[in-house]
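Please find the structures below.
Two complexes, one shared chain (subunit A), two partners (subunit B, subunit C).
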Partner chain A sequence: MTLFVLRRGAGAIATLLASTMLVFFITFALPGDPARAIAGHRQVTESTLSAIRARYGLDEPLWEQYIGWLGRLLRGDLGESFVARRPVTDMMQEALPVTLTLVAFTVVIEVVLGLIIGASAALRRGKRSDNAVLAACTIGLSVPLFVVGSLAQDSFGIDLRWLPVAGIRNGFFSYVLPALTLALPGLAIAVRLVRAESITQLCAPHTRTARGKGISESAVLRRHVVRNSSVPFVSFVGLEIGALVGGAIVVERVFNLPGVGRAIAQAISQRDNVTIVGFTMAIITVYLAVDLVADLAMIALDPRIERMS
Partner chain B sequence: MRPHTRPLSITTMALWTGLAVFAAACSDSGSSNPSSDSSSPSSESPAEPFSFSVSISEPSSIDPALTADIEGGQITRLLVETLVTLTPDLQLAPGVATEWSLGDDGVTWTFLLNPDAAYSDGRPVVAGDFEFAFARSADPDLAAVPSYQGLPIAGWADVLDAEPSGSIGDVPVSGVAAVDDHTLTVTTDGPFALLPKVLTYPIFAPLPADFVDTEESAAAFFDQPIGNGPYMMAEPWQHNEGITVVRNPHYPGTPGRADSIEFRIYGDTLTAYKDFEADAVDIARTLPPEAIAPAREAYPDTFVVTHAALLSYIGFPSNLAPFDNPDIRLAFSLAIDREAIADRVFEGTASPATGMVPSLAPGALDGVCDACNYDPERAKELFDGAGGVPGNSIVVYNISDDGTASLDPILNSWRELFGIKIEVRSFEFSQFLDETAPGKPIGPFELSWVWDYPSGYSFLSPLFESTSGVNNLGYADAEFDEQMRLAREAADEEAGLPYLAEGQRIVEAAMPLAPVTFSDDVGVHSATLTNVVVDAGALWRLELVAPAS
Partner chain C sequence: MSAIASFLRGRLIGGLEFRVAVALLLLVGVCAVAPQLIVALSPGSPSPTACSIRAENGSYQDRLAPSAEHWFGTDRQGCDEFSRVIHGARHSLIVGVGAALLIAVVGMTLGVAAGWRGGWVDAIVRRVGDLVLGVPLVVGMILILAVLVPGQRSATTTVVTFTVLLWPTVARISRAATMLIRTESYIEAARASGASVMRICLRHVVPNALPPVAAYTASLVGLLIGYEAVLSYLGFAVDASVVSWGQMMDDAQTYYSRSPHLLILPGVFLSVAVAGFLLLGDAIAQGPASLDQRT
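So, the complex of A and B:
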């Protein structure tokens, strides 16, 4: 187990390094002068442009900028945003908790509802309620997030006045509509996945054997069906958390949540390269960490996986 | 809070039916309305504490020396007061200076400061504070985008062009001198009648050196600047969430009406409008096009249209064939249906351009720009008369950020009318600026310009003067340059207006660019507020907002 963790950890660091390098070079090598982007339409002088370039090291060769960035990264310094003129780490400290809260809330909704609805549908396979669940899943998967979010705002926020429409000033309540919106597509996949896996396990030879040995139905479900069908589900949740951070870009914009997604979208539109690279790295780190935890969870559920790898 | 009389929409009812199960599950947690706790002034009488909230997008900075966007300006103009200020109709008015005059040499301006002027911590504002603030704004170590505003001041360019020293504000600007605590002189490089208007920009606000003399105090200042304006920061800036200002008790001028103003930061104007509909914010300053028609219908009495001094135009490389022929430029301009673009593309957020200078600028001429009208027949006549364009094709530069929506109607009109081929080269904004830098473009390009201070000079001189660093039109006209010199050297702004008018006449006959639209801003405010004034510079005068009785 320790060896597995070490090997995976080393792989994660290598992936992180390679991906930051890729993102850094792609972002910084884009045509156009970031100093000009900062100045916008203004009648800014050449001396101010060169002062801006000097301030952010933009006058150095690209690889030197990257080495400098890596060096500062080791000291926990992600640089200063070109546009906001603030340390990217400060911006991240504000944005990460918002996104992580949103994602955690969303995952809880997906897991709890996904397991309940998926398993119940499997037990009622082919019946009317099962078909209704499948149809609802198709709708949940196909409607774009901004449409769902916008409808939710109009209905529960403006018309019914149950929940806040935007911002995080209302604590827990602020996250209800965004999390439900963000959860919808993932929930649809989770329900289908749990349903399909449960059906496979319900008919599997070892389940039949267990039943044949006279074990109670609830114990069969708990020990054989749920546990075995959890393995692909855990893997899905791991992947889903990464995907959710991506989906958060849309949802955070619609619901005005000052999270990572909104920060990245803003940085891209402003050519704020340092911020783009810093936040992308944070997302990759979260993704890799979750992936590692998901792998460990799968080993705990099914020890054969470690032996196979 | 506004009475809630809206019936449930069809989408709500559909959603309500379809999601009944989910709604039931959520109803426990959502039974109270947590957004109803937002402060609303409606239940209070005018004598009672009064505060309101207003939407804004995250400013790039609220440090007066770094404020380059309208969002930041909205806040810094409450936090600081400059020597001279602007009334809502953009006339000059006393600020920290009670009087100002131009000396006999025509370049030295003397400002007498109000002895009662004070910062929000009670410390008096003295002339030496302006020396430091000017030196800081010009300093290359600060690398402030709006620093070019000070270029007419003697010695400013020397500071701006110097090598960064590592310390901010250490090199004085030679043209700024404190004669005593309450007398300041500012000398310009040559006669410059518009200096008082230039000095209304926040980068010229006073600032004592010790507010920003250490790294720590500079960082604190960045999030909670201290100033001498009618309002002061209640707490540090909550990035991406909000900024709250409260009345400055030491401000000697007319105090702001509200005790406090909360700026709510939104990443998206549509979300801000929805929050307004949910009664969570009192003023939605900027509406997206899709919200304009519904807002006009739902809030007819509190719907606010403002005209901003932003000109969108198509520039021509007027020193390159075929655009060196004025008839070709006139033909391309006459082929643009500005009314249709304003209506259909901008859906009420722009008006058709009537000239090179927005009509709200003092002394702007209306109705002299013949080629700003849509006249396809004359356009075709001029185009054919000039022999068309070589190879029957042209290159057009497009800023890719907004697609080609605003450009398409123009290009289609040119294609149909002149029967030419158009190659569109699209660039992301910063690359676009590189590609269309002076001397580079080989065909028409879309761009926009906004004034730095409310004068037609702030349009004409930078865009068209041959010595301007941002004149990318390849346009040079000695007679026009002469009019700009005369406007600069006039006794005051008023005396310079005829020269600006003549300059405008000259460029509107030559059409080195085709003006397309002047942008408008549309906002909406709660019926609980009154006296909601937006000035001609698109700035919401929030210090004047009062509770509706």
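So, the complex of A and C:
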């Protein structure tokens, strides 16, 4: 177990280093001169520009800039935004909680509803309600999120005035519509996954044996069906959290939430390289950390996985 | 016998999902290939780009409500929305199908090579794939488009962006399939009869690894059509001469409360296209030719 954690942890750090390097080099290949972005709209001479480049280390070769960035990273310093003139870590302290709250809400919705709807559809396999659930899943995966978000905003927020439509000033309630919107495609995948997995387990020999022993139906479902279906589900949730942290950008835009996605989109349009790299690294870190935790959870649920890997 | 032919035999034809998928895709396909045929049904302006804000009698023609003449109303430039929605299918299908096919070809080439050769080829393909999948998809799309196209994106740059970010999944699927196929006795037989590696891969490995890749690729077309629209929404505009659902929906966002149909109607057509490909993917995955069901 310890060996597994060490090996996976080392792998995660290697991936983190390599992907940040990738993003760093792509970012600094962006068209447009960051020195000019820093100078803003003012008319500046070439000597001012080179002074700016020297001040931010932009005149050094790219790989030296990367090494310098890594060194500061180890001290918890992600540099200073070219545009906002503030430490990137400060901006992150504002944006990260917004996105993480949104993602947490979304994942809770996906897990709870996914398990309930998926398992009940599996128990009614082939019946009309099961087919309706499957059709709803296809629709949920097909509709564009920003259309659903606008519809929800207009009907529940503006017409009915039930929920706030934009920003985060209303605390918990601000996140209800965005999270419900963001949960839609993931929920559709979760329901299909739980349903398929439960059907496999319901037909498995060990379930037949458990029933044959005379165990109550609810215990069969709890101990034999749901527990065995949970392994692929945990793997899905792990991947889903990672995907949501990066994918929240569309919903953040619809509902005007000041989250990570919006910060990155803004930074890219302003050529704010330091901010782009810092936030991307934060997203990748969350992604890798969740992946590692999901793998450990899977081993806890099914110890055979460790021996296989 | 090719694996593709065996898809079309057997239960696949009879499946409900497959029939619904074919119906939806036929509808979208006709829109993409011969939009004039459908637009001609409506009495309004047949061209999606011949628009005027003011008619000859001086009345304003922009953002009209749906009527007998303009079935879906008109957009803010006075264009017939019905005509634009129908013509919009082409761009979505070109990008979605084009990117998914390119991803399938690139991913399968690398995946089969990795699964067949093993060793350092496998190590490189896997490491690079993991690296690419480590970058969040939407962030990756924004980064690449900002580097490749400072101005407007075209169908080609969009296809390249999708391919760069999404080949690893196909590579993983076809690598796993190849490693199973490699141990089969028909491969041994082909080797014994003196077939070259190239021939074995093309005639035996690729056709047999195709079912899971085909299922994923079909669903992928649907997802990519959705992502293409998202790019427009995030501000990566396509050339204004191209009629695109994403662009129409992005424009409609501003006028949503007064003219919701301008957002909903292209959204419905886009959903139909996406659903068609997702169902097609499901039908292939459940088809009799899928790898694990064959003995």
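We take it that the second predicted complex is superposed on the first by the 296 of 309 C-alpha atoms of A that agree within 3 Å, B and C clash if a C-alpha of one lies under 4 Å from a C-alpha of the other, contacts with A are read in each partner's own complex, and residues count from 1 in each chain.
What we mean here is this: a contact is a pair of C-beta atoms (placed from the backbone, for glycine too) under 8 Å apart; a residue touches a chain by one contact, two chains touch by 3 or more.
Keep in mind it's a predicted model, so treat the numbers as computed, not measured.
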First, second, both or neither for A:301, with subunit B first and subunit C second: neither
Partner chain(s) touched by A:283 [first = subunit B, second = subunit C, both, neither]: second
Subunit B versus subunit C as contact partner of A:266, first or second or both or neither: first
Which of subunit B and subunit C A:96 touches, first, second, both or neither: neither
Partner chain(s) touched by A:158 [first = subunit B, second = subunit C, both, neither]: both
Which superposed partner A:253 touches (first subunit B, second subunit C, both, neither): both
Partner chain in contact with A:44 - subunit B first, subunit C second, else both or neither: first
Partner touching more residues of subunit A, whether subunit B or subunit C: B
Contacts on subunit A seen with subunit B and repeated with subunit C across the two complexes: 30-32, 151, 154, 158, 253, 265, 269
Footprint of subunit A on subunit B - complex, ascending: 4, 6, 8-9, 11-12, 15-16, 22, 26-27, 29-31, 33-37, 58, 60-61, 66, 68, 140-141, 143-148, 151, 160-161, 164, 222, 239-241, 264-268, 271-272, 274-275, 277-278, 280, 401, 427-434, 447-450, 452, 462, 468-470
Subunit C-touching residues of subunit A, taken from the complex the two chains share: 15-16, 18-19, 22-23, 26-27, 29-32, 138-139, 141-147, 150-151, 154, 158, 242-243, 245-247, 249-250, 253, 261, 264-265, 268-269, 276, 280, 283-284, 287-288
Interface residues, subunit A side, partner subunit B - complex: 30-34, 36-48, 51-52, 54-55, 83-86, 91, 94-95, 151-174, 176, 180, 252-256, 258, 262-263, 265-266, 269, 271
Residues of subunit C touching subunit A in the complex: 130-131, 134-139, 142-144, 146-147, 150, 222, 226, 229-230, 233-235, 249, 253, 256-257, 260, 263-264, 267, 270-272, 274-275, 278-279, 282
